[in-house]
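Letters A, B, C and D mark the chains in the order given here, with residues in each chain numbered from 1 onward.
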Amino acid sequence: MKDVSAQDLAGNLRRVARTSDDQRTVVRIGPATFGDDRTFTVIAGPCTVESRDQVIDIARAVKSRGATMLRGGAFKPLTFPYRSEKMFELGMEGLRYLHEAGRVAGLPIVTEVTDLRRVGEMSELADMLQIGARNMQNFPLLEEVGRVGKPVLLKRHFGASVRDWLGAAEYLVHNGTSDVVLCERGIVAPHTHVPTSRFIVDLQAVLAAKELSHLPVIVDPSHSTFKRTFVAPIARAALAAGADGIILDVHPVPEQAAVDPLQALSYDAFGTLMTELRGIAGVLGRQVA
Amino acid sequence: MKDVSAQDLAGNLRRVARTSDDQRTVVRIGPATFGDDRTFTVIAGPCTVESRDQVIDIARAVKSRGATMLRGGAFKPLTFPYRSEKMFELGMEGLRYLHEAGRVAGLPIVTEVTDLRRVGEMSELADMLQIGARNMQNFPLLEEVGRVGKPVLLKRHFGASVRDWLGAAEYLVHNGTSDVVLCERGIVAPHTHVPTSRFIVDLQAVLAAKELSHLPVIVDPSHSTFKRTFVAPIARAALAAGADGIILDVHPVPEQAAVDPLQALSYDAFGTLMTELRGIAGVLGRQVA
Amino acid sequence: MKDVSAQDLAGNLRRVARTSDDQRTVVRIGPATFGDDRTFTVIAGPCTVESRDQVIDIARAVKSRGATMLRGGAFKPLTFPYRSEKMFELGMEGLRYLHEAGRVAGLPIVTEVTDLRRVGEMSELADMLQIGARNMQNFPLLEEVGRVGKPVLLKRHFGASVRDWLGAAEYLVHNGTSDVVLCERGIVAPHTHVPTSRFIVDLQAVLAAKELSHLPVIVDPSHSTFKRTFVAPIARAALAAGADGIILDVHPVPEQAAVDPLQALSYDAFGTLMTELRGIAGVLGRQVA
Amino acid sequence: MKDVSAQDLAGNLRRVARTSDDQRTVVRIGPATFGDDRTFTVIAGPCTVESRDQVIDIARAVKSRGATMLRGGAFKPLTFPYRSEKMFELGMEGLRYLHEAGRVAGLPIVTEVTDLRRVGEMSELADMLQIGARNMQNFPLLEEVGRVGKPVLLKRHFGASVRDWLGAAEYLVHNGTSDVVLCERGIVAPHTHVPTSRFIVDLQAVLAAKELSHLPVIVDPSHSTFKRTFVAPIARAALAAGADGIILDVHPVPEQAAVDPLQALSYDAFGTLMTELRGIAGVLGRQVA
């Protein structure tokens, strides 16, 4: 691997580097398992928690179609400081709805934390804390989240190297969390290559991260492609390439999603994708859960 | 699609743009079929034709494992003008060996043409002519190859947009070839993202090219990843994402390949991959051929 | 500008977008002036504050050669959580040394804040707070720093668009700071283009940011190029292209710098560069200060 | 330099690598000098030769303002095979006009050759042959042009590494030309960084190429930025950073240029720029010619 040296592996990636071929961290959160080489784990839910009813409905819908974990944004980082009426943010109220929905449906929940002052209260409700791409190298946040000891989903910044990404994971583990799941969500690519409005999924980084580290690695086909017709193909590709799972936006009426309406899957589309994923997993000696 | 405008589609991509959802070009070359939505076509063979015996052996090996087309380099573009003793080039002699190997094994052949003065003699022996990535916008070469009327495999330059790529295809069709197959072989990506020594496979470009154009699109997992352990995962991902096929380097003793020894698959590894591809294709209502 | 729409300018960049050709924010901090179109302002100092004596010596050295502001890292973000004995961090003690050095030399100081819990105490000592590249979209930090009302130096993330960068500036201004200076410090570029170990300076982004916004824009030739022989050429280029200033690493014995020893300029090299900058500025009707 | 190894320098870049600090190739073409460390050479002229009168007028205009070489496109590669009525191509007739204009004004001429079959006849009229970015790795063309022995202007492909670029130069020198001038014209950059419609000028590649090789290196601020207001700033930056010259589009009525009307400078703007360049050159102990 070009951008991670042997010196990095020994000196800087003391806890996340693999030291033998069969060394694997398996992260278990209730029914969700990441990294056992057999399971392909599907996290699904709304981009943003819009209401109590919405997130409970979605939780039941994705659970019944095979997801084993629920996602949902309570605090959403936005490029600009202004929110339209529709792009509201429920904050802690939203997290409580997500928590309730998870309990109703029997699904553990993951949500993004953006402010280190909220790590404590959010970790009481969330089963897994997500570090978003933009905060991948927000080291004080990594330290706070690491200290809590809960499982963490660490997204790769769209401008970050695999080396930077593993360095951020090292911060988490060094501070106390052993349960870190890495998540590829696309990289900036030359403008002339971009047929859509967002980021190119780098499956080779998934493979590289799994060769270099013992941590599980999943893919986010929704926030990377930002284009509904690309989500299922990239989700299938992630499984076929060997990722440990995916995290997906699902919405009852995708075009009406409060945030990112271009990328969410409908319940039907999600169901169809799950059937395809189960088939592919079976061929590869794996299972979808 | 951001980088291809409606004006491009109507005015500049007159022949390669899709004008209806079900418009598809199907390219048939003997047993190989590209673009019928059902078939996933596997082209395999040596990076470089090294000897008559070698290429006949490889042809039989890939045929028996399910490939329907044979690849092989007779003229290889190199970054520097100096060839080591090992990186020799058989030229027309190599193409004749490839042609013979194809006939022996019952496989049509594809080989790269780099010099427009050789288009005539090469097209007498090759069933399909390949335009390499570096020549994607060598317009006089595209014109000569287009005029021959034979099927063409058009690789995407690692620095080219989907727009540039389709523009090059338009040159081919405008000059007389209707049978063009597009081939994604990876893009330059920010250095900090590159865990290996080459290019990032852009599966979203495959999806974009298929949405914008009626031409078939395949993937080259060998020359993009340049890393043996990444080839099969990316090949499976290409199928899962919806590509029309792949083109692969296969060598009896990969470490001893004259050119690019880091990326070729052994016969066994190729056989295992073909079994996986057949399984995945079955799940998706497709077949490997 | 491709990636900033008219809608962004009117709706999302309400405070930082230029609404007329001659609208300019001029940021004045003691002897340092940013954005008056006439002044090219030079900020210089150590990458990291290593000791009281060191930073006082550097402050005097850069002041005597024409710098009007002092830089120095007290809290340094590192890719990995482990610091070598040499890469120590003085923290608040370092900031106090920097503050003292500034007063001794008569230079205002700028230092990076990485933890929102330190914004209060750091703003008591620093004349300008720097948001580093990695924290460009750490929105809670931007909000805290904005509320303090002190001048801010906002570095562009190496993976961020001009749109993202201006969006971050909008957060600062929206929360209370009107004195924001933007700083280009290089972008990730395709690996095949990278002749050095870091980032490509994007002078076109400087031009774009100045066309789109009324804020001053400076360049960091040290942390972008990461290569001593490239620093002076890129510093001169920044002036020639129209930037409002530069921020530079200067060290008495560059090879012995505790952090980033490959990029700092010696006192002599800094003096020579300042002479060149004064000459170029004079040609362009500007002055170095 | 990361992407050029010591092995490349010794084994693959046998003729273009610098073997001592003061080794410099100086290319002299009539009044134009490239690479003597003192001269900053300005090539100017129309993107495309539109008529005999036009190119003679432009030749006189740029000569009187200080250019020492005339550029002009006779054969223009286009992304799509269709030319609008306005984007006509005069071909050899255009080259004869350019040749006449050069003689009238006393300027040597440079023009792009895209088809290896025309190298012979074009080299009879042109003083320097240009290899365009898209043909940088069209090796048969490089061989033909190298054999002619005339000076060559070798543009860097927007997706090519410095290593690839120097490799292409090695082809030229290996085949017989010793007078090669390299030309940086921008690279593909992550879409999120692109404030304009084209390529980011990589001045660090200019510096790297000059460190690694003894060949002169110039910059094309017109075809890279593709935006008139950016041309002069980047031209000044190229001089300030240490390039050996620039090549510029100049047109009497820029908005009416047949090809690329967004980037050409008017006579007045060109005159103003030349005055600025002379001033900056003087400061740096150089001269514009």
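In the analysis below, a residue touches a chain if its C-beta (ideal position, glycine included) is under 8 Å from a C-beta of that chain, and two chains touch if they have at least 3 such contacts.
Just so it is clear, the structure is predicted and the values come from calculations on it, not from any experiment.
A.B. asks: Of the pairs B-D, C-D or A-C, which one shares over half of its contact pairs with A-B?
C.D. replies: C-D
A.B. asks: Is the C-beta contact count larger for A-D or for C-D?
C.D. replies: Higher contact count goes to C-D.
A.B. asks: For subunit C and subunit D, what's the span in angstrom between their mean Cα positions?
C.D. replies: Spacing between the chain centres: roughly 34 Å.
A.B. asks: Using mean CA coordinates as chain centres, what's the gap between subunit A and subunit D in Å?
C.D. replies: Distance between chain centres: 47 Å.
A.B. asks: For subunit B, jot down the residues that touch at least 2 other chains.
C.D. replies: Where subunit B meets two or more other chains at a single residue, that happens at 2, 158-160, 163-164, 187-194.
A.B. asks: Of all residues in subunit C, which touch subunit D in the complex?
C.D. replies: Going by the criterion above, the answer is residues 1-4, 159-164, 187-197, 200-205, 207-209, 211-212, 225, 229-230, 233-234, 236-242, 276, 279-280, 282-284.
A.B. asks: If we count contacts the way the header does, which residues on subunit D are in touch with subunit B in the complex?
C.D. replies: Where subunit D meets subunit B, its residues are 2, 8, 11-14, 77-82, 114-117, 134-135, 137-141, 157-160, 163-164, 167, 170-171, 174-175, 187-188, 190-191.
A.B. asks: Report the residues of subunit B in contact with subunit C in the complex, numbered from low to high.
C.D. replies: Of all residues in subunit B, those touching subunit C are 158-159, 187-194.
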